[in-house]
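I've put the structures underneath this note.
Same chain, two partners: chain A is paired with chain B first, then with chain C.
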Partner chain A sequence: METVQQIIAIVLLVLGTFLSLVGVIGFIRLPDVYTRLHATGKVSVFGLVFLLIAASILTPLTAWKGILLIFFVLLGSPAISHSIASAAYKAGVPLVNTKRDDLKSKLERGSGKDV
Partner chain B sequence: MLLYLSSLLVLFVIYLMLTGNGSLSNLVLGLIVAAIISLLMPKNTPMLVRIDRLPRYLWAGLQYAVVVIWDVIRGGISTARIVLDPKLPLKPGIVAIPYGKKSELGSAFSAHAITLSPGELVIEIDSEGNMYTHALNVDETLAAAEAGQAKRTRLLDVMFDS
Partner chain C sequence: MQTILDIIFSVVLGLHLLMILVAAWHTWTGENSAVRLAGLDLASTLTTAVLVIVGIISGNSLFLDVAIVTALLGYLATVTIAKFISDQKVF
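Our next item is the complex of A and B:
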């Protein structure tokens, strides 16, 4: 039982570290604010979630505390990504190499204020 | 009364999870702390969790979690592939995903689910309920949006709108 738990924890650790790494690589490679938010705000967060599960298996930290932390991280991180992206869009940060922008036409049709 | 009981239950569960101690004295202390905090809440607080809908929450919430987790895994794999691909095959753009006029809580949860899955990021919601979503791969998001939104809407309606 002990070894099974440890093997699961190690797999989760490796997966979490890999996802964090993907987040950092994405942050360096992607071209603008919005695409970078995808890498840091999402992929890295899931890296963190896997690391937290591994931590609550491996350490004497109570498992419920880890689950509660995961819940709050998953609840909070999309709100943060959204508000950064929304603020950047309203401040006029340009989108690089965009294929399509539905929001732009919407804003021009209106009075230019908040939708 | 309903508001009071609902917030009491939520606070009590969070207290128990934080302390992780099931002894009787701890249960009583948690109940007292939760009761005092619930009493301090203003009367007109919007009710986020309704204790009388608990069975519905459990069943629909479980299905909802499965749907969202599946979306997250799918999105995570495709985003990781885009990032690690040497050619960086990006097709970024902002697409409007219709949601329709629903309760505020339902729209908030739907936007949360979209934003949670990697590769999609809600930037703005207009008054008609369209969600302006920034996507890493516009075609993929457009193809999956309709079906995913319908699935989530059905479950969220069960929980919050009826």
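Our next item is the complex of A and C:
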């Protein structure tokens, strides 16, 4: 395979790994679950999609599998983050040092003890 | 060229396995179940990423099929557990 494709794939691979590393470090350091979901969202969208583009470039015959998985990941990742955040909010998980909470009056929340 | 590729592949794979350990650790010792669920979702996404990397290293695209299944199952499991967390019942 000519090395131009390999170089592009390697650059994408390293970039995807770096971005998922940033996401996991964010997941470690951020205080509560709502901010941590920002980090996990980055990992699954940026880390995985770059890896899949590299995989599609490196195995061109079956590139449609990579593109199919890119479609699923881009479709599913926001839904996952939203469902976790709304579940945590409904269950009553407290927000750490938040200045505004628009949903406070509109949505009844659990006690947050049983979570 | 080949040795550089092997080094890069092993470093990338090692980093991803390290990240899975961190996500699994936070799934184990999260302070509440929402954080644990976020850790579980992170671990499943990183497992899919490891499958894709092994597919790139080995060259055959069978691993991409397994990665598709892992991504879909991870999505389904996370949404179901989130529903259970918010309403204490699934259906």
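As a convention for this text, the second predicted complex is superposed on the first by the 99 of 115 C-alpha atoms of A that agree within 3 Å, B and C clash if a C-alpha of one lies under 4 Å from a C-alpha of the other, contacts with A are read in each partner's own complex, and residues count from 1 in each chain.
Assume a contact is a pair of C-beta atoms (placed from the backbone, for glycine too) under 8 Å apart; a residue touches a chain by one contact, two chains touch by 3 or more.
It should be emphasised that the depicted structure is a prediction, and the values quoted were computed from it without experimental measurement.
Once the two complexes are overlaid on the shared chain, A:86 sits against chain B and chain C alike. Looking at the shared chain after the overlay, A:65 reaches both chain B and chain C. Within the superposed three-chain model, A:43 lies in touch with chain B and with chain C [touch as defined at top]. In the superposition on chain A, A:52 makes contact with chain C only, while chain B stays out of contact range.
Once the two complexes are overlaid on the shared chain, A:101 sits against chain B while remaining clear of chain C.
In the overlay built on the shared chain, the residue A:22 is in contact with chain B alone; chain C does not reach it. Once the two complexes are laid over each other on the shared chain, residue contacts for A:35 go to chain B alone; chain C is not touched. Counting contacts by the rule stated earlier, residues 32, 37, 43, 62, 65, 68, 77, 79, 86, 115 of chain A appear in both its interface with chain B and its interface with chain C.
Every residue of chain A that touches chain C in the complex is listed here, in rising order: 3, 6, 9-10, 13-14, 16-17, 20-21, 23-24, 27-28, 32-33, 36-37, 40, 43-44, 47-48, 51-52, 54-55, 58-59, 61-62, 65-66, 68-69, 72-73, 76-77, 79-80, 83-84, 86-88, 90-91, 93, 112, 114-115.
Within the complex formed with chain A, the chain C residues making contact are 1, 5, 8, 12, 15-16, 19, 22-23, 26, 32-35, 37-39, 41-42, 45-46, 48-49, 52-53, 55-56, 59-61, 64-65, 67-68, 71-72, 75, 78-79, 82-83, 85-88. Listed in rising order, the residues of chain B touching chain A in the complex are 14, 16-18, 20, 72, 75-76, 79-80, 83-84, 88, 90-96, 111-112, 115-119, 121-127, 132, 134, 136, 138. Contacts from chain A toward chain B in the complex involve residues 19, 22, 25-26, 29-32, 34-35, 37-39, 41-43, 46, 62-65, 67-68, 74-75, 77-79, 81-82, 85-86, 89, 95-104, 106, 115.
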